[in-house]
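In the two complexes that follow, chain A is the common piece, with chain B as its partner first and chain C second.
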Partner chain A sequence: MSRTITIKALKYNPNSKVSKPHVAEYKLEETDGMTLFVALSKIRETMDPDLSFDFVCRAGICGSCGMMVNGKPALACRTLTKNYESGVLELFPMPAFKLIKDLSVDTGNWMNDMSKRVESWIHTNEEVDFSKLEKPIEPEVAQEVFELDRCIECGICVAACGTKLMRPNFVGAVGLNRVARFELDPHDNRTIEDYYELVGDDDGIFGCMSLLACEDNCPKHLPLQSKIAYMRRKLVSLR
Partner chain B sequence: MSELIEGFLGKSIEGRKSRLPAKLDYLQSATGLFLGLFMWGHMFFVSSILISKDFMYAVARFFEGSFIFEEPKPGLVSIVVAVVFLIFIVHAALGMRKLPANFRQWQVYRTHMKMMSHEDTTLWFIQAITGFAMFFMGSAHLFLMLTQPSTIGPFGSGDRMVFMWPFYLLLLLAVEFHGGIGLYRLSVKWGWFEGENAKQTRATLKKVKWAITVFFLALGTLTLVAYLKIGLENIDQNRVGQKYAPTTQIHEIYQAKVRA
Partner chain C sequence: MKYDIIVIGSGITGMRAAIEAKELGANVVLITKSTPVANNSYMAKGGINAAFGNMQDEDNIFNHTKETLKSSGGLGNEEAIRIFCEQAPAAVRELVGYGVGFSTLANGRIAQRPFGGSRFKRTVYAADETGPAIMKALYEVVKKYEIDIIKNHMAINFLTRNSTISGVTLFDEESEKVVVCEGKSVILASGGFASLYKNFTSNVKDATGDAIAMGLRAGLNAMNLEFVQFHPTGLKDSNFLLSEAARGEGGKLVDKNGESFVDELNTRDFVTRAIFKEIQKAHEVYLDLRNVPKEVLETKLIGIKKRVYTLKKLDPSVDLIPISPIAHYTMGGIETDVIGRTSIAGLFIVGEAGDNGVNGANRLGGNSLSQGAVFGKISAYEAIKFANRMKKYNGVDYYDITRDIQLIDKLKDLAARVNVNEIRTQIGKIMFEKIGIIRSEAQLQEALEDLQEIENSLQDAASNKPSNVKSLLELTNALLVAKATAKSALLRQESRGAHFRIDFPETDKKFETNTLIKLEDVQA
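The block that comes next holds the complex of A and B.
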């Protein structure tokens, strides 16, 4: 049985002098297995060509479609409209990121800065010889590292974080998870001292107030709570 | 000179980040843990009134050194209070760093909290509000206990409740919510009891937290009512301000008289 759903979306262009922030309302027929991606595309095609939002993969892989759905951050391409019983979905752009227009925010540059900030690459003095086989690594360790590598940089953990919203310089769960990922990786020769230099302050690990909305909203179900606690224990135990 | 450089740059003269933020985070938790656990013990002591006046009297005398001295020494209570007060002040000073510091921070957190309706985000706000309230209420209570330890007893505390019960009811709510949430947060913050399944453990911890909060709120309210009842009885019987004399003591006096 199909029903009519209501999509409300914040419309605002911060770069325009005449644009006033307001919530636009669209009504459309729900189709089978409709995702927010499908609904928004339909709205853009048939009702409002001016509505801005981001999508790339439509499969929960690229991490570009995060937005606030009825107050909670989610990947729009993985959000089924039928799960919203009231049939009303109120969409806001994710806070904490630079608003481009309407539902579109700039997570890319933020993630770039974050990667540089936590030096998100393998630090080693070893020369890698590509003609040789890679050094073996314990399967369990590799598994653990890959687990944390599943992050798609969607920014949902950042938008969910009350600490980050109050204190814009906070690295956020995605950054702390990244540090934990390299700390676990035996290819990386950095020590705890080195990681302390990156996140050992109140904008880093000690700024986290353990609200755990990151953990509860991460679409990839990364173990953010455990990894942040782990890094906190490590960094606090330094002399 | 190195202190000047470190203060100026936020880096030590070796070019390293200060270790102080780590120590402060640790201290925040350590003082919180102490206060949280202390409040459990504290509740059991004051609720001794629910067993009997004599028992509460004995507990109060114990803290005045009845195990060593013949005469009660309320000064001993003052010393304990002073130590707790000090830890309380350190904890409050550290907690202050986390509170919203301007209107925009307040506004953004409130909006976020209402939008998300995420339990732990809301609980933090309750912790912040109750913490702020305790700046005043906790200080007032501790100051009273610091300066008038000899008034602690079945009658003295009962008399106090007659005019101060609204204050103590609010303080009870603040302490139990703040401390309960705080101890839960400590566990998830440091990964205590995490085990194999952190999500499962967290759900269990949350249940335990609520159970503890309800338990202490119930015990606290009963205790408050018990003291209030004594206070009102004291008014009825015209003995406001009198010191409680335990039954055994009355018994001894009686016996002495009989013997004489």
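The block that comes next holds the complex of A and C.
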């Protein structure tokens, strides 16, 4: 049941003086279980070596290959072409991030700033003593913390977010998820007041309008909205 | 750019080294050729070994040492293995302190699971995504300490003077220029070369053996390159790895009639060859997770379940999962002493890039992450001691820089007419078919000829599909390392650990020694 699919991709290099944004069109045979990543690699190998897109792991772990597919953000390595009945896939780089070239955007620096902003690391005054046993952690808590740690910082929740369009400094579901993760983690000694300092404003937890696109599009299916709602209730109690 | 300590590579080894150096007060930089998440530590799923003994008393340092030594097939360095096994529990505890959320038991202690090649439950895990959990936490610590990170810079060569390191030359991908980074000591932790098996590997595309090529060019010995570990259970026709954890939790390896043909939890090389022999007989091989309890599939193995469903539309609780072995880890590397020192003073090569004998001829599943944590830390400690003794910078020989600028100019010319992606695919095929799971003299010779042919054809390549310069630099390294691997495999006329020669299927006492190879041997 092989068919020919059409891939349209934006091509533009903002660093080049001659480059003009345009949409390039490629046609190729669909193979069994073809992911968008496989299709793009094939295009780069056989048709257009100049096409830029990011990937590292090809397995939905690294979060590098986020892009807009027919208007919705998705990971190229986890998008099966056969799910697109029309056989036409229109690819654009994710908005909200700095464009590097074609489909390649700079999520790294944005995520860096986000991490620093929400101080996404363990805050504790306790010295770790390696000769002693580590502090016991309930398995349910460990599991819950880990579930939130599944976030791969692909940027899809930010690209999908309506609030982000209105508030350029919005920290995004990814940032609020980090806060929720450390709030859960018993290693972290920060209090609700500390988190209020970090995200208790309209660019943080009170900016979210619960449009749900972050959770709908999250490739790791994280419970982003319930975590945001939970943190919001916690923080609003301080107001 | 001038730093006390230069760390190259952003995997667990490099990050751990950079963090340790920073904690000890050094002026440190972390250099990575693409982004800090583009590494194999991030890809690791199954777990990290440390003999905590939380599950059973037999899981102790003594047994960890014994099993690591056994899997090394007589080539393991006892001292390195002893240091590693003794330090592993502390190293994992440190990771907990950095905020890694490992899975725990009902009593709150860290949980451990069984893993290939081990009789005891020793492997610490964070569900089925241990690597990402560790790397994310370490990366956050790197950000917190404000350690300088230089992205998209690929190391070209070492700069040395009087057999002492003075820094590295880097290729800046954005400006396409050569950049010099001076340092009092250098820790190279840029990983192995399993991604040369393109399309037959679980590795990220960046693991192209750059460290080994750099080492060879600097006159160092490459050791035991022939030992390439193939992971038995890659999902067929994809690069997705079905972690050892799946078998640890009760998954079975079966043929199409659902019959078992091998002990699933034997060492990886044994299981891989058993599968490969079935495949050679044109039999399909499957992973059977149907007997794994539903709650385990839904928690510990949920990533596998979801992924298998997206890619193959198979439900592991009902269907058999088709598998095929893929290149996973390279035991060999640049020869170093136990703590990663090389014969260039001040240069440390650790992790998968170096070979201090801790893995010998084969690696125990789950050992690599803890090795990175242990030796990354120790090397940082030693590097600082060296840097403090150095007092001032060693100084750079400008001839070396000119040489690398000329090299890059040459590559720029080639880049305009070479289609690297296509050639890398060819190399991947050659390596899997001829320097793969089962080797023979004839095949290895053929591989060498094929590789030479590719190298020769580069000069007058006239593809109208240009590539970028970095990928060409990687290709240069890849060809050198691929040839060195084939030569090493030719030299070892026996079968041992992960190296299996069909023409010499027995282990030979005579070869119970490391294979060393130099640049001259590769080019001869």
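Here are a few things to note about the model shown:
The rule we apply is simple: the second predicted complex is superposed on the first by the 238 of 239 C-alpha atoms of A that agree within 3 Å, B and C clash if a C-alpha of one lies under 4 Å from a C-alpha of the other, contacts with A are read in each partner's own complex, and residues count from 1 in each chain.
The definition used in the following text is that a residue touches a chain if its C-beta (ideal position, glycine included) is under 8 Å from a C-beta of that chain, and two chains touch if they have at least 3 such contacts.
Only a predicted model underlies this, so the values are computations on that prediction, with no experimental measurement involved.
After overlaying the two complexes on the shared chain, residue contacts for A:Gly172 are found with neither chain B nor chain C. Contacts of A:Arg232 after superposition: chain B is touched, whereas chain C is not reached.
Once chain A of one complex is fitted onto chain A of the other, the partner contacts of A:Leu133 are limited to chain C, with no touch recorded for chain B.
Contacts of A:Asn112 after superposition on the shared chain: chain C is touched, whereas chain B is not. Legend: residue contacts after superposition of the two complexes on their common chain; A:Gly155 is shown touching neither chain B nor chain C.
Considering which of chain B and chain C touches more of chain A, the answer is C. Look at A:Ile122: by the touch rule set out above, it reaches chain C but stays clear of chain B. With both structures placed on the common chain, the touch criterion links A:Lys72 to chain B but leaves chain C unconnected. Within the superposed three-chain model, A:Pro93 lies out of touch with both chain B and chain C [touch as defined at top]. Comparing the two interfaces of chain A, the one with chain B and the one with chain C have no residue in common. Per the touch definition, chain A reaches chain B in the complex via residues 68, 71-72, 92, 95, 160, 162, 165-167, 193, 196-197, 200-202, 206, 208-213, 216-217, 223, 225-226, 229-230, 232-233, 235-236, 238-239.
The residues of chain C lying in touch with chain A in their complex are 34-38, 42-43, 90, 93-94, 96-99, 101-111, 126-127, 129, 131-133, 136-137, 140-141, 143-144, 151, 204-206, 237-241, 299, 307, 310-312, 419, 421-422, 425, 465-467. Note for the complex: chain B touches chain A at residues 16-19, 21-22, 24-26, 97-98, 100, 105, 108-109, 112-118, 120-121, 124, 185, 188-191, 194, 198-199, 202. Put simply, chain A touches chain C in their complex at residues 32-33, 35, 41, 44-46, 48-50, 55-64, 78, 80, 108, 112, 115-116, 119-122, 128, 130, 133-139, 141-143, 145-146, 149-150, 152-153, 185, 187-188.
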